[in-house]
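The structure's right below; bear with me while I get my questions together.
All chains are identified by letter, namely A, B, C and D, in their written order; residue positions are counted from 1 within each chain.
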């Protein structure tokens, strides 16, 4: 079925952009990587060669290129909003890595641009929504076996990345944003208020974050806790646990061999997100390609990107005030039913 | 990278053939399903339509068709050998479902045909070799953490299929053949002798099989037990446990949510092989396509197909004698290094 | 070693008092149940007969009885403080079920009475401190393998008890008090502030509790969340999870057979606290008897009982204010080193 | 309830005798250790002192001592039969460590002595029968949830003990004897034939055993495999897995904390049998004392001791012949209903 392969242009070829390029070019049915752009030309060239694509230098030109059907944005966070707006202006579908924007105002601009354009073009890279462990949990919730969900617990434990010190604000906007989306998606509810507690990573930097807890109340009456570590000590792990009226359930993602050795029964934990979510990233782009060839994106929308930032925004205010803070969001447009 | 998509012809569009057709047409990069053949014309037409392929009626014609680059054989077991020989004669690569043949003599013909042709064309559908759970176990063994492997335990538990009564001979040649390959692959050793015990499925049919144990001794001094059920009572499950000099390890394949409900903490077991090995079947054909586009197949060879039947053959003789029986194999051709 | 068996008097023969009586009389070395008291005479008589003890009607008389060496208090919560004070006045050791008192002021009286008496007589029934699952976790923490503990998560899930509606205040003082002690014991730190969130059990009773979360900050800089359910839907379960600088650990208490049946791999969850903590209750009284025969109690002290109520007190104020509240405690007497 | 404490005499104060002495003296209700005997006088004295008992030098005298009510035999295997016969002759109940005897003929003498005495006096130390993990599995089988049991798999993995080389015969008679009893007890069936395979521990000692498999057929039509290691590489582990008509179940005995550290999720495995079966040994003697104070032993009988040796005997013949061998047993006396 190669006749009408989707021609994709990729902006940003770092860790996540390179992974998407590899998956689209070599592991996806029905798509080609037509062009890649990166301010690091060498990196762009290397990825282009591996994918049989052109390397270009200009993001705007890539978006405008009539031979390119769809855009994948994997550039630094701060550029997401502007590039998404450009793609919308060009009328091209876009898969934008999370976060959709780095401010709530910018995310609102994107939502308004889509409303003005009258068509859904933007999908946000919340790939956990196609991760088998998460999908199985959703299917369980939808089956009614747990009754109504009362409490959500998300855990998001990262290995330390070299000498990087992460601020509590970055932890919220760049990393916990994933868990905020999972919460909305799985609980089927928006968030009402947020209260953030954290442990600094360095005693002399009170806004650095080694560990964080966000306690949320939900519109449907439920409670949620998002738990984040920037230095797990053991690897990368993401989990969701939901307490329902009739029981509880949690995602299970340890599928490595059970080893008995040296006094212990053990399983390996995935070392990083690339390993943990390898399958999800592959499914995400295959589904995106399939959906575009059939008409329109079906994954997380610009509205989902905006609403996750609504939670992040309340969390950031709680960081400043030290108290629970209410969320503040625009009205839900009927367009995003 | 669609320029040189591999054009695949599929013979047999039943459960496994239909799955391969779906994966090749919709989930694989670099291949097309060009034609499908099945004696059930309706089924062939339905699969052809879903894949954008032609439905044809003649297996020989499909094999000879110059527009077809490679053959996938998923027809009934008894036809595997003849079709594989035809593909070899046509000089075309073939992915043949297991077992390679239904007799050791037929499997030997195929090996000899490849030797005569001077090139490896046949790959056998032992897809566990690309199943992540099995690959992780192999990686562990190769890492040396367990020391030399001493004992292999394979479990292969099937749900009952309607009213079907399976004979101990079919259980061995059609089903346990998978575990025989896993044993050879993971233990890195051939089998020396086999002793089979089984429980009949019906008291009045002593050669029917509900449960079977094959106890094997290995060339490298190790021991193996293959454990098979035709009526697990709970679902489909395949596992490998290996005892090494320094410890033990077993595959772990339960990744569904951990649920607490109604007095129990539980996880779903996969109901059937389609569910358990969905990812492996996808990887198998993607890898096959990639390998052919780069030159030659890299998966389980005709020799692997033959050697698994060598074990099956000793098991069949043990069924008849009630005693341990030695294996009997041709010399290992240098061609299959 | 029966020469100097400890003669124990038990006040209260309900579920927990009856269990203690059984354990002391039939499963403990070095003790006898000399007398039991309960306002329900029939129940007292039945327990007395099963234990070879006298049934008496007067708690004060039982405490004063010169033939009785030690007192076990398992009467309703509201009587704990008064009876403990009476035992201290009589100079007799007492094992008092939790909570030590139902108000912080009463607990302070008991601490002051012990200080005045100049000897530790009171042990509080925080039996998790001898539960093997909890002890193993403590040993792990003490080993240093996890580094300094940063975050404590306690879960305490109960099955619904008939039509009983539990108030958030009772949930805190009678049930979560266990988790408050576990937190102090395992984290080696006192609590600085408490913030409580809960879901009402009945919409028309806002102070009823079906589910509760207490978020605590610790003197050592750590964070803690206590999670409580009054209607788990699946059984009784208590767990502790600790995030340390070098890794995390959680208690593991599912030791029932792993069953594969009807599509699921499962283990039974204990239905109630009697089943979950059967071994701990036995160890608790054996250790108590052993310690008294060797001199003085070694389990959780009156101070531990008081400090757990300090946390409960801050939680109750948070319930009223809807905000984080600081703890308020008397100075730590050197007597309780 | 100390009035009629059972006065126990213990013969043998090594690892297992010392453990029994400790449990009887300090952890058991209703018993005293009156005297202990060991050919190692120092060891006997130390144990006697710790238990408040007399140390004696003569086993026959201890058995005859009118102040001693019951005998516990924990001396070397070769002395079990003679001492049990002496206790029967004295009309005293005896808890004899496994194996009951080191030859089938000696075990038959004991059975015949009990038949002649007309009362059950002997209990054999198959303490797995009171191990909670095993009891839970039995309860499950009796509940009918698994249907009729078809297949038993016992695993018995030991850590290497220093430089000791264990012969395949010792592995069978001293160690696998435990699993033979578990099989009979849980499957409710005797054994029909045995086929033994093993891996030598040293290449130059073909009858040394590092790893062994015993494949058994049962009177009820079932199949069993007993799997033994003398050098597990990781600790001590005993497990039972049973395949029934409706599903499967296996004992679960890992209750240590689940730790995430250094790339792995792990639990400690018990290092040795003392640790793994600590609770079972305590229950065993408490139950034995309780049963004797109420009349007669209720644990595994001399007949159970004999029938386990019947299996061992067939295994030993299989070791010699290299073939499956039938079991040979005396008729089941109605006395042991």
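The working rule: a contact is a pair of C-beta atoms (placed from the backbone, for glycine too) under 8 Å apart; a residue touches a chain by one contact, two chains touch by 3 or more.
In this text the structure is predicted, and so the values were computed from the model without any measurement.
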item	value
Any chain that touches chain D and chain C	A, B
Reference chain A; chain at largest CA-centroid distance	D
Which of B-C and A-C has more C-beta pairs touching across its chains	A-C
Centre-of-Cα separation between chain B and chain A, whole angstrom	38
Euclidean distance of C-alpha centroids - chain B vs chain C, Å	57
Rounded Å distance, chain A centre to chain C centre (Cα mean)	43
Per-residue multi-chain contacts in chain C, two or more chains	232-234, 246-248, 254, 260-262, 267-268
Complex interface listing, chain C residues touching chain B	232-235, 237, 254, 260-269, 271
Residues of chain C touching chain A in the complex	147, 150-151, 157, 195, 197, 199, 210-211, 213, 215, 217, 221-223, 225, 227, 229, 231-234, 243-248, 323-324
Residues of chain C that touch chain D when the two form their complex	1-2, 5, 25-29, 32, 51-52, 132-133, 136-137, 140, 145-146, 246-262, 267-268, 279, 286, 290
